[in-house]
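Across the two complexes that follow, subunit A remains constant while its partner is subunit B and subsequently subunit C.
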Partner chain A sequence: MSRIVNDNFGPAGRTTTAVKANAKFTAVATATSSLSEVNVRHEGIDARNLADNYIVVKSIYADNDNSSEDFQYNMVGTYGGAFEVNHTGSSPSAGSGLLLDMSSSPMVLKNNDLLRIFHACVLTQDDGYGRVTQPATDYFMITFPVWDITSASLSNFETLPAHDSDLNNAATTQVDIDLEANKSGGIALYAMTGRNVVSGTDFLMRRNGMSVWHYKHGGADQTIYGIRINANGPYQYVQIGTSVRGWEQVTVSSTGITHVKMSHGHVGALQMRGGQP
Partner chain B sequence: MAYSPPNTFSATAVIVAADVQENLDEIKKYVNGSAVGGDLKSSSLWVEPKHIVQGYYNPLSNMHDFVSGVSGGMMSDPDDESWICDGPTARASPSSPDRVCYPNAGIEFYLESSADVLFKIHATPITPDDAKGSALWSRVYMFLDETQISSTKMYTSNAKNSSPTETDPGGLWRQWHNFYISKNLAAGWHSLTLRGYTTYRYSYLVDWGCTMEAYYL
Partner chain C sequence: MTYKWTEGSQRTNALLDSDEVNREYNNYKNVLNGGIDRENIPLNAVTDLHLKSQAFWSYDLTRGIQPGLSTGVTHITYHTYHGGWRTDPASARTLTLREGMLHVDFSCWFQFVQLHPANEQRWCRFQLLLDNSVIARTGKDYSYVGNVNLSACVPVAGGAHTVDMQWQFTPPAVATAASTDAFFFSGGQLLINNRYR
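And then the complex of A and B:
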């Protein structure tokens, strides 16, 4: 922008013209279309507006908060395999689960954008399935974010970059973990150890899990239609060969724990962008 | 977007005062907060150091105020403990236990305007076992102002029960970490606190902290 030249009208009693009146407002319109250093003084901008200092482009959050303590998600069946952490109650509606639905207003990651995905859940043994014994091995369940970058139908959720695709496999598979293509960042683990109370029917396997996934996008625009939290397990930690570590899926029966429930879950994401890369 | 006068005047018509006033009112609206990023000059870089506000750091509250938002948080000291007891919370198994603040485990902050705010917390809770043989636990929630964020529920349970053959190494030393994103949080003073209750005589935190990042809308 430039400074506006104050072309005053004449003193009282003198006439003006439409040309002068229009010119006055056109000058404002022109000037405000390109604000620049001429127009920045005391308020200014701060360092977070500049390159490599991120500000939020899009934020989204979902939880199952209905002010009750009894809402819960679905349970693990007789065997493991990836499953959606879906809501089983009535509020929010069953099946809505931990889903950030952006199908109507997709998130578009630009080059150098930072995406941060947060999620947390509580894992407990369901009271309705009787007393179980302490697992002999430290088995665990996992939850992890997946995204749909294919279409607004939200029917093509896939694992995130740098995660083993077997994380989201419905079959029984082993998950590799390393420091490159198969990272564990963003995955929340829930130990399946716990306590039997003396009265006998409750199993105090109460575990809070949370994880954060940071992803700096590079290259062409990436459209994201939805982000969902899935779960998998039970797993146990194994060593594969001499250098690879991983999680080996085990049968539910081998853990002695037939069902678990996920509750008090929530998921959020921030898309952040700096100035020029 | 840039200012656009709602009325254009014609040489053959009388300039109506109300139209002029409307044009001026639109200017006022623009100057008072309608300028957007697309209005900025983009033909060349024009920002100089004199235009950059460094932000104000308040060492007492550990808050950093920027033009575009606020960041801050707190960390416990290495030897700190933050205690709650069952006396005012869950003693005698009330149906709705009172939640109380874990001391020195919260933050207060001021927003100049509405903002999206990210909160993160972590803590190591300890709820000892007293061999009572009953279910002993503590629960905690993040509270934004006076509102409980129920989806941030976190647990401990007792380390062991009266059966001597069972132990739970994870029972004592749990890790709590959680988050919350408050969208379009209103301008003004706010607080984030950890509040909970315990069925044991006491429960306490070690090594806890919380952070907040506010981004003005």
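And then the complex of A and C:
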């Protein structure tokens, strides 16, 4: 509270004294040192008074230029493993991929900030490299966001909080899913089978995956230098135990698909502040 | 301060009468006692450090949503589900909202065993409800794995409101054993943004 509560001089017609005048302006000085909502007129602040980005602190976006030739991943007779969804063409430059590069201007999450990472991609079976005709074999690929919170060199991308670290393992691994340390929000799944409705006729498998990861940051400031979309697979959904489900890595040869393309992808991140419960 | 006072500055006058001081001083006093507005505050002066939480918007985030009918992370079976819309308890949120816009966003992945017979093609679908009215709904998805992203922005009155996410899966065919693994979804995240400024 910083209202001024002193009274008028009085009675009318008398000459003021320096002591009384000083008391009044001391009250002004006191009030202005702790201005609060009681000093500001109701709805008195306009948009022009607000600094930029007072709700959306930072937003960043990248896509792959909508080229169907981007992000080709050749799965030749091996298990999969995590890999970057990179661009292989000439525009944009090779290697940029679905990367949000914030190394020159990092995102700094403060306590209670809301971070939203959304991404989508299209997985296409490369026609001519095998096709799948068994709809009951539930093979799938995944894409997921990872972040680099180590340095601006963007050389240490790691899984997001509460994701199984094996999600981003380049070796053959199994991803656990539970309700504690191995949550699975923000991960997009791409089915790898379709149905060859006419025997001997080529068909093109094409799947659209998308997901959003919502995260309320708690604690000390967290600097994020980069966010990237990685992929992994092929997987098969399995029961591991009584309380754990998982995605088990399967061989590429068992899927019948040796080449896939990840295309038409985009990734965006939104940092919002001031709405915490 | 860039504000132009409506009264003349007392510094330019000889102060002979207390009424003169009172009149001109009270002008300052009135501005400070609740009259400060956009004229007094410089451009871009108010940053997020000056703003109270929820000054412009508020959010409610629920993570780790998966079907309440499953045990742990196991599939729903036809022992407990025979079709129809189901509200997941974890995603039923009753909140006190302020008049403005409501942005509801739900995302998850799902998995089920698809069957071959043409008469038993399985599917699932999801929807969002605000006070039991549908505000967003997916179509039937026949893929054995996939993703759901539902998002809706609707105007909302002030007061208590309930947001639910509901899901639906194919009812069992005549020959389907009740113990058959039917359906599972996980990674569910429900974000509710209330924007009122």
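Quick note on the criterion: the second predicted complex is superposed on the first by the 191 of 277 C-alpha atoms of A that agree within 3 Å, B and C clash if a C-alpha of one lies under 4 Å from a C-alpha of the other, contacts with A are read in each partner's own complex, and residues count from 1 in each chain.
The rule is simple: contacts are C-beta pairs under 8 Å (C-beta built on N, C-alpha and C of every residue); 3 or more make two chains touch, one makes a residue touch a chain.
Computed from a predicted structure; not experimentally measured.
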Touched partner set for A:233, first subunit B, second subunit C, both or neither: neither
Subunit B versus subunit C as contact partner of A:63, first or second or both or neither: first
First, second, both or neither for A:185, with subunit B first and subunit C second: second
Which superposed partner A:55 touches (first subunit B, second subunit C, both, neither): both
Partner chain in contact with A:114 - subunit B first, subunit C second, else both or neither: second
Subunit B versus subunit C as contact partner of A:274, first or second or both or neither: second
Which superposed partner A:245 touches (first subunit B, second subunit C, both, neither): second
First, second, both or neither for A:145, with subunit B first and subunit C second: neither
First, second, both or neither for A:33, with subunit B first and subunit C second: first
Common interface positions of subunit A, toward subunit B and toward subunit C: 16, 21, 28, 32, 35, 37, 40, 44-46, 48-50, 55, 191, 193, 207, 210, 212
Residue ranges of subunit C in contact with subunit A within the complex: 15-19, 21-22, 25-26, 28-29, 32-38, 41-48, 51-61, 63-64, 66, 72-74, 105, 107-109, 111, 113-116, 143-147, 149, 184, 186-189, 191, 193-194
Subunit A residues within the subunit C interface of the complex: 2-4, 8-16, 21, 24, 28, 31-32, 35, 37-41, 44-46, 48-52, 54-55, 57, 112, 114, 116, 135-136, 138, 140, 162, 177-179, 183-191, 193, 207, 209-214, 216, 237, 239, 242-245, 272-277
Subunit A contact footprint on subunit B (complex, rising order): 2-5, 8-11, 13, 15, 20, 23, 27, 30, 35, 39-43, 46-48, 51-55, 66-69, 116, 118, 120, 133-135, 137, 148-163, 166, 168-171, 174-181, 183, 215
Parts of subunit A lying in touch with subunit B, wherever the complex brings them together: 1, 16-19, 21-22, 25-26, 28-30, 32-37, 40, 43-50, 55-56, 59-61, 63-69, 118, 120, 122, 134, 191, 193-198, 202, 204, 206-208, 210, 212, 263-266, 268, 270
